[in-house]
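Heads up: the structure comes next, in structure tokens.
Note that the chains take the letters A, B, C and D in the order they are written out, and that residue 1 is the start of every chain.
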């Protein structure tokens, strides 16, 4: 570890702890870009909002507030990346096993996903109707570093199949980092964990701001209770 | 434990686990009322809102959502009860050590609290301007069960001292349960833990409703970010 | 809520918050027995050990320690009850849809579970080789209160099918409470939540003891790291 | 953010999110070394053990296991760094206010800490009896990068005062990073948060290993229950 402390970056260590080897310079550059890309998405994201609620009610423990933020991360929040990795890895396995064309397998997976009534994870965006500029940044980096592989190829084939079968729905940041993480040799569980590691940096900054700049218990949450009439009164 | 399962209530067990003896019938009645009183305060309370945010983003684990709710409980949210217990226990210690009058010691503690620029925990309420009806329920039960002791006496003396030194600010639910828990022989850390135990029942019901009736990621949290301009973009 | 505080027990409220009606006297008795039965299983259970580790390292927040304990509860720890509820509910659905005999459907489900290479949740026990005495207590209470229904019938049919297809593996406490919760009309998600609510009482008592009687950082955990040689040194 | 993704490291972003400016090359190097130094301390550390317990019982949520590990971080585990920062910052404030000599103020703070019956945070080590080699690595880096300032000077003065008043107890890794973080202009709350951010990388790797290589519920925790006889049976 002394040598790591002297010469390596935190990103090198994150790669090493989840991969059993140190990254190449290009892999380090891409992992840095990915961790930065997922770190912070504004105070309204569930991870940040829950952390601020805990920081607001429970000033006794910074770690409690960070943990509350982490706990909102799951299949629905932060899960599109690892979900898209599962899809790409399944697709590449079929390609290799049966020597079929990438486009055919991608079309098959999109059709199967639609039959289950699900959305294809890693595609589409609430804000960016055309294309998320972060996708271009990640793919340009991957190309420049010579790391664009069959993960990115398969992701693009999924995009094409969606466009053919449904309509044009571009790859988003989750789909882009999924393709790159596949090309760097990570399983999907690591995709989820890297999202958590990156997002903790953003959550931490939100907790710090809540502690140092805001009054306790300031946040009003307009959760609409649309169940049966409240049975036990209101505070 | 077999005997407990056959004859006791869950409230008996909670008392036993935190007191090293089973409760009397009156103590059981009061602890039931206290646990019910803190269980649920609407979806807007930080504990419930954070649990719903986690249930909304992370559908994979019911325990993660319950834990996120628990983590918002601390000095500022759910802490007034144990804070008021500390005050009452400190006051009673002074009364017994120095044989002074309850009213004098209560006045002294209120003055000290004001000098520190703090509010007296357990008094005042956002909604009920006059008196919280739950206070009357708890104190009536304590009187009827013959359990009103020096804890309640001291809490009333604090209320009187506040009225004299500041203005009329009635005891709230936290102050009432603090007085009763002191009279049942609990330390303040148990006050905090009993709040958590009671509130977990309410948090659990909110998590259940979010899972069974609501779509994922539906909650919009209007946390106003009033720091420096966002440095890393918006989701 | 004032009326609930005056007349009801905490167990009544727990039932009400998860069922939309108050329990009968018999249902209250059974739910009390179930919550007591799951509350505490010794300091070595993952829920209690993790809570003590957090109480030992992070003395600043009681709620952080309780939450750490809650987070260990999932499919593998505390999940056998809700897993068995899923099995019973699936079985009863097949019985009602196809008018088949309970014994046939139970045999079918046991065979399907074996084909998947899984154990049948709710059966077998590490300590009690013959029969867990808590099972008898719960089923006696259910019979005495007139609440034994098709849930218990189906659980017994599963036990018979296991005995025929594999060997004698008796119902355990998780299987017994699963059968009873089905007979009280709860879905399996509530089974998981009731386990959390009951266990929080036991976790809370462990946290209290760690805070009041033990030194910080006293717990040595012999987790054997059998991966690659440690890359970043030892503390 | 696009520019950050293209050119910056994750460590740059962590610095920026907690400091409101980008780091110099030397500051980046030091923060990398600090984050690596706190990331991983073996599976027996409370943060790693609690995370593995949650990963072992609750396989449904990676974020739940990471959060359980984070929750063990507090005053006693991971708190020595921020505790030492508080001491150094208090000392430097006294030096600047009263124009007294660093050695005098350091001696005064050590004496005050001893009077309270506390240990001086950031000094002494369980394993390294003489000097932790990581301390030398950090201080060498700080000197080489021209970043050694009054924080390091004050930490060395504390070490000297301890040696004079008690016995030789060398600075440990927590004390070294505390001195350097003070010299980089961070408040003590950020010290705690940076510990959490660094340690999350190590926790994540432990959770990954538990999920991919170990059976559920394998961990036996020898928590000795030395309280009253168990009241509710053993699992």
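Going forward, contacts are C-beta pairs under 8 Å (C-beta built on N, C-alpha and C of every residue); 3 or more make two chains touch, one makes a residue touch a chain.
Everything quoted here is computed from the prediction, not taken from an experiment.
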Distance-maximising chain from chain B - centres being C-alpha averages: A
Length of the line joining the C-alpha centres of chain B and chain D, rounded to whole Å: 33
CA centroid of chain A to CA centroid of chain B, Å: 38
Interchain centroid distance [CA atoms averaged], chain B/chain C, Å: 27
For chain C, residues contacting two or more additional chains: 1-2, 4, 13, 17, 36, 39-40, 58, 60-61, 63-64, 67-68, 71-74, 78, 134, 202, 231-233
Pairwise touch network: line, ring, star, complete, or other: complete
List of chain B residues in touch with chain C within their complex: 1-2, 4-6, 8-11, 13-14, 17-18, 31-33, 35-37, 39-40, 61-64, 66-68, 70-74, 78, 133-134, 137-138, 141, 187, 189-190, 192-193, 196-198, 200-202, 204-205, 207-208, 211-212
Residues of chain C defined as touching chain A within the complex: 1-2, 4, 13, 16-17, 20, 58, 60-61, 63-64, 67, 71, 228, 231-233
Chain A-facing residues of chain B, complex: 36, 39-50, 52-54, 56-61, 64-65, 67-68, 71-78, 126-127, 134, 202, 209, 213, 216-217, 219-227, 230-235
